[in-house]
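Chain nomenclature is as follows: A, B and C, assigned in order of appearance, with residue numbering initiated at 1 for each chain independently.
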Amino acid sequence: VERPRRQGMAKNTYMRWRLPLVCLLWEVAMIVLFGVFVRFGAEADAHWEEEKREMNLTSDIENDFYFRYPSFQDVHVMIFVGFGFLMTFLKRYGFGAVGFNFLLAAFGIQWALLMQGWFHSFKDGKIFIGVENLINADFCVGSVCIAFGAILGKTSPIQLLVMTLFQVTLFSVNEYILLNLLHVKDAGGSMTIHTFGAYFGLTVTRVLYRPNLEQSKDKQGSVYHSDLFAMIGTLYLWMYWPSFNSAISDHGDAQHRSAINTYCSLAACVLTTMAFSSMLQKKGKLDMVHIQNATLAGGVAVGTSAEMMLTPYGSLIVGSISGIVSTVGYVYFTPFLESRLHIQDTCGIHNLHAMPGLIGGIVGAITAAAATEDVYGKEG
Amino acid sequence: VERPRRQGMAKNTYMRWRLPLVCLLWEVAMIVLFGVFVRFGAEADAHWEEEKREMNLTSDIENDFYFRYPSFQDVHVMIFVGFGFLMTFLKRYGFGAVGFNFLLAAFGIQWALLMQGWFHSFKDGKIFIGVENLINADFCVGSVCIAFGAILGKTSPIQLLVMTLFQVTLFSVNEYILLNLLHVKDAGGSMTIHTFGAYFGLTVTRVLYRPNLEQSKDKQGSVYHSDLFAMIGTLYLWMYWPSFNSAISDHGDAQHRSAINTYCSLAACVLTTMAFSSMLQKKGKLDMVHIQNATLAGGVAVGTSAEMMLTPYGSLIVGSISGIVSTVGYVYFTPFLESRLHIQDTCGIHNLHAMPGLIGGIVGAITAAAATEDVYGKEG
Amino acid sequence: VERPRRQGMAKNTYMRWRLPLVCLLWEVAMIVLFGVFVRFGAEADAHWEEEKREMNLTSDIENDFYFRYPSFQDVHVMIFVGFGFLMTFLKRYGFGAVGFNFLLAAFGIQWALLMQGWFHSFKDGKIFIGVENLINADFCVGSVCIAFGAILGKTSPIQLLVMTLFQVTLFSVNEYILLNLLHVKDAGGSMTIHTFGAYFGLTVTRVLYRPNLEQSKDKQGSVYHSDLFAMIGTLYLWMYWPSFNSAISDHGDAQHRSAINTYCSLAACVLTTMAFSSMLQKKGKLDMVHIQNATLAGGVAVGTSAEMMLTPYGSLIVGSISGIVSTVGYVYFTPFLESRLHIQDTCGIHNLHAMPGLIGGIVGAITAAAATEDVYGKEG
């Protein structure tokens, strides 16, 4: 019985040996590098009892695990279900989207634990990891999932693995320069994750440009149910974005504030997206592409400033603007990118990640500049 | 290429200007009102360090964020994925269900933050918000999602936004009267959320009664995959209901108890629902409508009393009864409502929310009346 | 209108009275037994304030609820959405998978609370329950869901309920013998849950062997969308497995460590699964069956040892090996089981649960044997 379900992965006829070899060799490399470098951080190590006594902690609940694990799981869902299903809207590429996203993310988090570990958690020749490292690895892979959105349907799994290797490396270098050398604050990663990921992906898709792709566009359309699957991705990204932006903020009020700001920004973004989607379409219909994507721009745009004293109404303003910018981008900018610059942006990541990420950087700079001792208290 | 995916939203031909205008003007109003009124509560504000010292808290983990954020996220999933996908069972209305639910909830939470804030968190001319306000706003919007279930497939997004505006307002007034003036305890919202939401929705659908709707019933049928999508909604509502009922309970044993009671009630409800579904159908088949809906009645019915000392076996009894009542309602009461009272209840919210909510109120009253100092300790 | 959606449940023509009777009588039995035996544990009881004072706890956050509830909800999702949707891959059996899984799990958790309670939480003639009991009940039901995978599509709901009754009973006895009498440590349940559940299910499917099942194989195939639904199950199991393995570990570093080890093992497992899936297929295509199942073997195999000082690279090794073993099992062992031993293993649970569970037991024994005072500190 010829089962149609493998069709999404059908083109990769010659990868019989290449994919297994790459996967196995790279996994062996991971094992060796983890063996040499990676150890449990103090809060995950069996010596934690001693550590606790030294730090005068009275309770196990002070372990960072309890501050961050629920947020980590939300971020985890965003990477694997959120990004994976968001890209299932193509009628012929549902498995490719979910399956390849699964593969690249599973490799990416291992390589990211190493790369980010060398830059940020390296001590006495070892990388010490805890739940915050897992979150950061997921973040880093998030930027790869974003880039994947631009080239969706055009690449083999091996190409994706190679891209992941390069992008995670570059991500970590870029992050190190921004956070450690330039001392930029970017807890929600508007710039480090979203803008970086988007421009990386757009560069790759420009390189892979194929002029005759247009002919295969009927394969690229969506069907009713593939669009509903994509809504699963959209909603999980939308709902858990407050966890994304607050996951690595400081304990206490900063995490609390990040979640509230993101919640407000996203709510406002939905209304302006629907408004402009209806306004810019013939007959005022709503376009599912906008609902699936532009509604999320508010989370991207508030990433940098979410943990700052942006205030709830500030978040509504940021969210409103980013929903408008993103929707307008889908209607006017994506066709322009394709026809003039030969950049085929399958999922429209320029509208969802690049532009809102830039807005996020600007808003973060303004909010930080507007910070006064009065607003933050003398300890802030 | 004419894409079929917008079909669910196809009727709204003349909303090109009306929907954008309503969305944009209302969002501007939200921004202005948030700017005037809404500020971060003490636990989300950058002055939290000082607050912490004043209240003699030794650790950041005492921030309400860590008590309630995981439950908040579960409730958030129930509102957007739970209610959204529960309503995708109609073959032609999957996007309308998920998309319009998304729109009305995103607007509703903003308006609810204001309305509930004025009633409950207003101090010195400002509304101070924290994670508990976000949960309450989600709760309030939950009652709108319930009402949406009655009129599913019969309204435009603008009508839904108008309904949301009115219902959130009325919800907050009703909640204020019940909780603050009559001092009713209703942590899980059996009455304030479910019964209120259901009767509001039934009133609206009575007003919108169209006698020829029956002819379009073939459009209203379900198909195999739309029913599976609906099961996603059902299961997320079912699984996270313990979080729903415990989300705003007092810290400590009350939250713990609410979760256990709800878990027990829901488990029992599944068995009695399946029993009566099979019993009342020809040939003993199970009806997906009952499995999708009546299995949830146990969560509704235990809402008021979950944080009380209802005990696990009490929860099993409440869950068992509500499953039976709800299933019988689907078989006998919904057709009666439509043929005699001209109330077209698309999702059967009378069976899932109105009646179990009333049961919940009665159970709550009995449990509260049965409370003795022995059961609760002298501090309870 | 003949709706196709009940087709998956269509064979059970004569269950009109049997299913209702079993459900109702058993639920009444549960109510009676809960009434006699089950009470709230100290941390869920209204006397918690007094308990807190006695134990010198200064904060409500010390309640076990806050240590374990987020993990409990993740486990809950794994049981109902994870296992439920993983089994929807059959084209004609989506509802049977999700619906019957729902029914058996809802009954199973009640019976498991009693059985496990008598063995582990029994004091002065009562069973005292808290969030840890809910997790253990979900674990126990997990082993029934695993067994269900072997007989998927071959049983009526009544047979499943009877199987649940027996399996939960036997599970609890087996667990008591292993954990309490033989003092085995098995926090993630590699042996107690996975290996036990798998061999139980394989025994049942051997008993139910029907030689002419092969003819109905076209009914058993998957279609594109049913495979995407199954991916929802796969991903939720994969993402939340760190919560599964850490849910009942000791507070503090043990929970933290379990999550990290499981995260690493699962990531490695994806790569080796993809490698072998591609290598063993004609033309190097990836097989969705492997991606849906074998990618999870890493979570099973690391269950016993996750809370030990397995180290991250040790987890990568365990995950890599289990992915290979599981994929090879799907290609060579499942056909062998069916043709030679007349064991029809619909979901291939021997490859996903039995063998990785055995690996888990062996790894756990090695890790425990390798434990030294140096690694764990003198208090470990």
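As a working rule, a residue touches a chain if its C-beta (ideal position, glycine included) is under 8 Å from a C-beta of that chain, and two chains touch if they have at least 3 such contacts.
A quick note: this is a predicted structure, and the numbers were derived from the prediction, not measured.
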### Query
Can you tell me the least number of steps between chain A and chain C, where a step is a move to a chain it touches?
1
### Fraction-based call for chain C against chain B, same above half, different below
different
#### Entry: Centroid distance [mean C-alpha coordinates] between chain C and chain B, Å
30
### Task
Would you mind listing the residues of chain B that make contact with two or more other chains?
58-59, 61, 66, 70, 225, 232
### Query
So in the complex, which bits of chain A are touching chain B?
58-59, 61-62, 66-67, 70-71, 74, 217-218, 221-225, 227-228, 231-232, 235-236, 238-240, 242-243, 251-253, 255-257, 259-260, 263-264, 266-268, 270-272, 274-276, 278-279, 281, 283-288, 291, 295, 309, 311-313, 316-317, 320, 375-377, 379-380
### Query
Which positions of chain A touch chain C when the two form their complex?
1, 3-7, 9-10, 12-17, 19-21, 23-24, 26-27, 30-31, 34-35, 38-40, 43-50, 52, 58-61, 63-66, 69-70, 73, 76-77, 80-81, 84-85, 88, 94-95, 98-99, 102-103, 106-107, 109-110, 113, 129-131, 134, 157, 225, 229, 232
